[in-house]
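Each chain carries a letter (A, B, C, D, E and F) given by its place in the written order, and its residues are counted from 1.
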Amino acid sequence: MRLLVVNSNTTAAVTERIAGEARRAATPGTDVIAVTAPFGLPLIVTASDWQVAGTATLAALGAARGTYDAAIIACFGDPGLEAAKERAGVPVLGISEAAFHAAAMLGRRFGVVTFTRALEPMFVDCLARHGLASRCAGFRSGPGFNGDPGTVAEDRAAMVLDLIDEAVRLDGADVVIVAGGPLAGLARRLAPQVPVPLIDGVAAAVALAEALVRIAPTAPRREARPSTGLDPGLAALFQ
Amino acid sequence: MRLLVVNSNTTAAVTERIAGEARRAATPGTDVIAVTAPFGLPLIVTASDWQVAGTATLAALGAARGTYDAAIIACFGDPGLEAAKERAGVPVLGISEAAFHAAAMLGRRFGVVTFTRALEPMFVDCLARHGLASRCAGFRSGPGFNGDPGTVAEDRAAMVLDLIDEAVRLDGADVVIVAGGPLAGLARRLAPQVPVPLIDGVAAAVALAEALVRIAPTAPRREARPSTGLDPGLAALFQ
Amino acid sequence: MRLLVVNSNTTAAVTERIAGEARRAATPGTDVIAVTAPFGLPLIVTASDWQVAGTATLAALGAARGTYDAAIIACFGDPGLEAAKERAGVPVLGISEAAFHAAAMLGRRFGVVTFTRALEPMFVDCLARHGLASRCAGFRSGPGFNGDPGTVAEDRAAMVLDLIDEAVRLDGADVVIVAGGPLAGLARRLAPQVPVPLIDGVAAAVALAEALVRIAPTAPRREARPSTGLDPGLAALFQ
Amino acid sequence: MRLLVVNSNTTAAVTERIAGEARRAATPGTDVIAVTAPFGLPLIVTASDWQVAGTATLAALGAARGTYDAAIIACFGDPGLEAAKERAGVPVLGISEAAFHAAAMLGRRFGVVTFTRALEPMFVDCLARHGLASRCAGFRSGPGFNGDPGTVAEDRAAMVLDLIDEAVRLDGADVVIVAGGPLAGLARRLAPQVPVPLIDGVAAAVALAEALVRIAPTAPRREARPSTGLDPGLAALFQ
Amino acid sequence: MRLLVVNSNTTAAVTERIAGEARRAATPGTDVIAVTAPFGLPLIVTASDWQVAGTATLAALGAARGTYDAAIIACFGDPGLEAAKERAGVPVLGISEAAFHAAAMLGRRFGVVTFTRALEPMFVDCLARHGLASRCAGFRSGPGFNGDPGTVAEDRAAMVLDLIDEAVRLDGADVVIVAGGPLAGLARRLAPQVPVPLIDGVAAAVALAEALVRIAPTAPRREARPSTGLDPGLAALFQ
Amino acid sequence: MRLLVVNSNTTAAVTERIAGEARRAATPGTDVIAVTAPFGLPLIVTASDWQVAGTATLAALGAARGTYDAAIIACFGDPGLEAAKERAGVPVLGISEAAFHAAAMLGRRFGVVTFTRALEPMFVDCLARHGLASRCAGFRSGPGFNGDPGTVAEDRAAMVLDLIDEAVRLDGADVVIVAGGPLAGLARRLAPQVPVPLIDGVAAAVALAEALVRIAPTAPRREARPSTGLDPGLAALFQ
């Protein structure tokens, strides 16, 4: 199967990191195609970033239309996810969504850890939207961040490990999500040092997308809608 | 004060209707400027419409930047509202938001009535997001709609009146919202026939926007963000 | 328009403070009439205070019946509010209610700060009743208080400023309510030192009451009820 | 033990009915003293009734202070209950409260049936306040009521039986509360015709009050509060 | 009346402690019969313990069938409670259930204190299931425990007293539950040193069970079910 | 990988049906082993059935210990699920759990349809426990059922199709779960006649179990616990 992975921010280094993790997680028969948002911002943090990134993600999905059997929105916060589910005609998963559901199936209460607390409001709202807030043991995150999203997974690895420890010991988490697109792959590297399962959103999304294609290969598509002045990819999605 | 009213869909007739209602509701010192979304769809119904309309609304807000003291997003569902609040630097209100808050202050349980049930999922999600679901006595809406958004307020006026009656009698609503941008002004015309207060989102938003400017004249603004490939209005909003 | 402001406690100095703040917040065409509860307690703190203050507030509203176009219950906790809305025949707003709604329209998550934690249970219950608990980032309050309600706004100003800082930094509030009738006006004085909007319940209630009178000039009134042995003001309200 | 039962409305026939049911439910060592609200309304239906009845109930509790070991507020809706718990110094139970807790301990999902839907909003709010809404299978109630509260238990007995049947068959209730002070005793008379337990609020309150006196014979009392212009019973309660 | 008390764990010393407390709490006419789970684990802590203890409790209830008028499941967490209510034909109460309801009737917000935090997840889930989470001011518990459940009530008495103090001062609890079957009787011994009511689950369950038998002497019983390979006590319960 | 599928009821025909559906859903490298509950009841409907079936399911999991890489509890209601997750040492999924999560990832609001309303209370409680109630558009179910669980999938196929139609048209479901172990495979057969994705719990559980083994191959195991008098399979699980 062909799996489209959209990085909703404009940082190519993050796209590469995500693509690498997605390919590592995919089964042999899955072909991973990774694309970067055609416009927008280098890191998605606030509600305004999310709004723009969601539209950019839809444009990417529309531009590649017909070339994939499932898609992943590889940005924690899942920008554009509900719109994408409506119009893609194939299963679409967000990496927050995948992480929340995988964690809920692997334990009773999951913790969420990330590198900067600036991301927390977006994650909290995203969790509420997916309906799984009652399964969450709490959030733990690092201080403000102004560095390079392309290397933060290395720069803040030790801090993330400490936060995971707090989630397990103090919050009672029995599974922990390592959240944030720029941290793709970090859960895999830290797992040997941690006594509970660690969830990587990208890896979880790849495995779950493959499962969903088997469970429901096509999603119902809404009818075509007239539109005005849209980016060509976006316009394609509404046809 | 200068009040910008953005119609988030691309139907100019709806913009005119909204502008008329806004001017009728404004106090003498308020100057209403109405604009239509620069791109998007003629009616906002589903999650994908909402996503695109939100970005178009932000572009309109950015394009007019510096020319208004408060803004109204005149589309039920409030597309782009949270992003707009972050970056506009002045109070921004959605017409759903205004209607929900006004209704909650005028009664104990409000009903929500609209012309087509296709809008219900968006309204339900919007209400949950504003946190006022426990104050809602229920939704009542008409059947599917394929007509002209510019005249639906006249075409379905009798049906809306019946739905209001059901909301009061069967759901116990003690105030009723007449929801949907294309119905702007209908609440005012039906009010004499109804025993409880009727809320028009546009009129409520104008009165509340004037109040908020007095309560908190400026909103804190986030720092400038680098962006790539954005519509000029949108780019302006991130500077 | 004529705006009745009822101080639900019996401390005349608090009534004066509230009246001053209300007049400062009103537009030129609004005439503010301030009255003190005809019986009850000097400060409203617990559920039993609230019960008595609610009835005293209704008696005040009934005694002045016919002389106002809207009313404000100027006591955090909103004693008697739902009863007043039922029977006043004009819009009635509580200052907690006004503060919660104004804050929710100005930000995503509001903090609530007050001078003594003895008030917290009443505020928490009041917030739940209004349905906006999911919008609240948390409460911050000072220690027990046995001083003069008439001067606590000056005596504890520095402490309140520190609590506001904690609400913003630690709880992530993007707007803060300075709660408690005896603190009327303090938000206005502290605002220049704070990076987010501060909400004063009295000022918010005045602006929102003016808005509501425009949105729905009369509220439906319930039928007359026979009563026995009531205070004359109270009896008037049931006629 | 001495058990004070306060009828929060002013209808003496209802007080007698309640007193009879309370005596029937009490164990031999319990002495039931029944009093009628010293002022107020003949039937408690709306929020304004509730407000006045709560204060009248407190006045009755204060007037009899020192003569009882536990008290029951015998009015569905529990007017004045939280205030009474704070200041009575002995256990105080409302008949709604008792019915909700007894029903929750006897089944998984309880229905609530009453003679007029005008009471529903008060009961819904009361249930939410006690925190047991998730245990409720639904409300079923009769049409508007303008008759004699003293005989409605006989006049609408057949209708109540039908509503109980609907609660069991359609809502899945496995225990049903027959709600409303004027219906005291009706549950006992209908029980033989119903396949699930029926709860009478007065009888439940008597049995639970006796239990609570054994579990916690005295409640902590708040400190005395200065007050002005209160009814002597009310004033006594604040000393 | 005859009251069966089932200790859901296999530690006979705990059964004796519980039986002693139950007899102390019972009125003269109540005959307490205490039994130990016929199989299972010495202390019930986790979800798997709870599952096995629930079935063992049902087996005990079935083995003694016909010899009791009410039953108590004397294990915090209430294993097997809902099944027991379905099939016992008489009122059955769990000691968590009894403690939560008694505390909710005696105050506005109750704290829950226990000797080891390993029990917290089970208690949290149990509280949610009973629907009373909104009435809880918080949990306070001691560190991990590997000692003797038969003497922990003495070994950790001082620690429990400190935790009660925190619940009152820091969490605002106005009543506190001393939770955990092995702590039966400790609340009674600590009560003189504490300013709010302390609830012992066993004592509360005895008083409430006596009340429920008066309120609804028999519970409806489900029809017989065919079964295969069950423990004889369990099989008896399904007949 | 080796996948153990436990039918929690004792009806061998249902085990066969489930095994067939599981094998159809599995990828080539997955070996499905299906077992029937070693004791218990022919159909799991009520809370008491659930309690016994949960323990029987644990006994089956323990008896087969070491022979599987993941397990499925193939009974709607997920008896024993949390206990199994604690002690199995490999991922364990319930078929309700799998259906709820798959449906939530494939749509915005899912409907749940089953053959008899007697199952609804168990499903409602199970859904609440998994935390996904806010994603559910409603339940639709057939009347009481006394027939053969082994053939009900054929006997009530037409009724189920009608209920699916109602879920889509009246409840707004955009994906529908066909619930109940005895209906395994029916969703697959009805899918061509339905405009939205249909979810079969067994098929969903197989695909998701394969995904979870890739996401987190081993689950943390709790320490051994001493036990008394347990069924050998059960005892093995606690070692």
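Heads up, the rule we're going with is that a residue touches a chain if its C-beta (ideal position, glycine included) is under 8 Å from a C-beta of that chain, and two chains touch if they have at least 3 such contacts.
If you're wondering where the values come from, they're calculated on a predicted model, not measured in any experiment.
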If a chain touches chain C and chain D alike, it appears here: B, E
Remotest chain, chain C as reference, centres from CA atoms: F
B-C compared against B-D, more contacting pairs: B-C
Geometric centre distance via CA averages, chain F-chain C, whole Å: 53
Computed distance of Cα centres, chain E from chain D, in Å: 28
Intercentroid distance (Cα basis), chain F paired with chain D, Å: 44
Residue list for chain A, restricted to those that touch at least two other chains: 47, 82, 85, 108
Touch relationships between chains, expressed as pairs: A-B, A-C, A-E, A-F, B-C, B-D, B-F, C-D, C-E, D-E, D-F, E-F
Residue ranges of chain B touching chain D (in the complex, touch as defined): 108-109, 172
Parts of chain A lying in touch with chain F, wherever the complex brings them together: 25, 27, 82, 85, 91, 93, 97-98, 101-102, 104-108, 130-135, 174-175, 195-197, 199, 203-204, 207-208, 210-212, 214-216, 219-220
Interface residues, chain B side, partner chain A - complex: 10, 38-42, 46-52, 54-55, 58, 80, 82-87, 222, 225-230, 234, 237-238
Parts of chain B lying in touch with chain F, wherever the complex brings them together: 47, 120-121
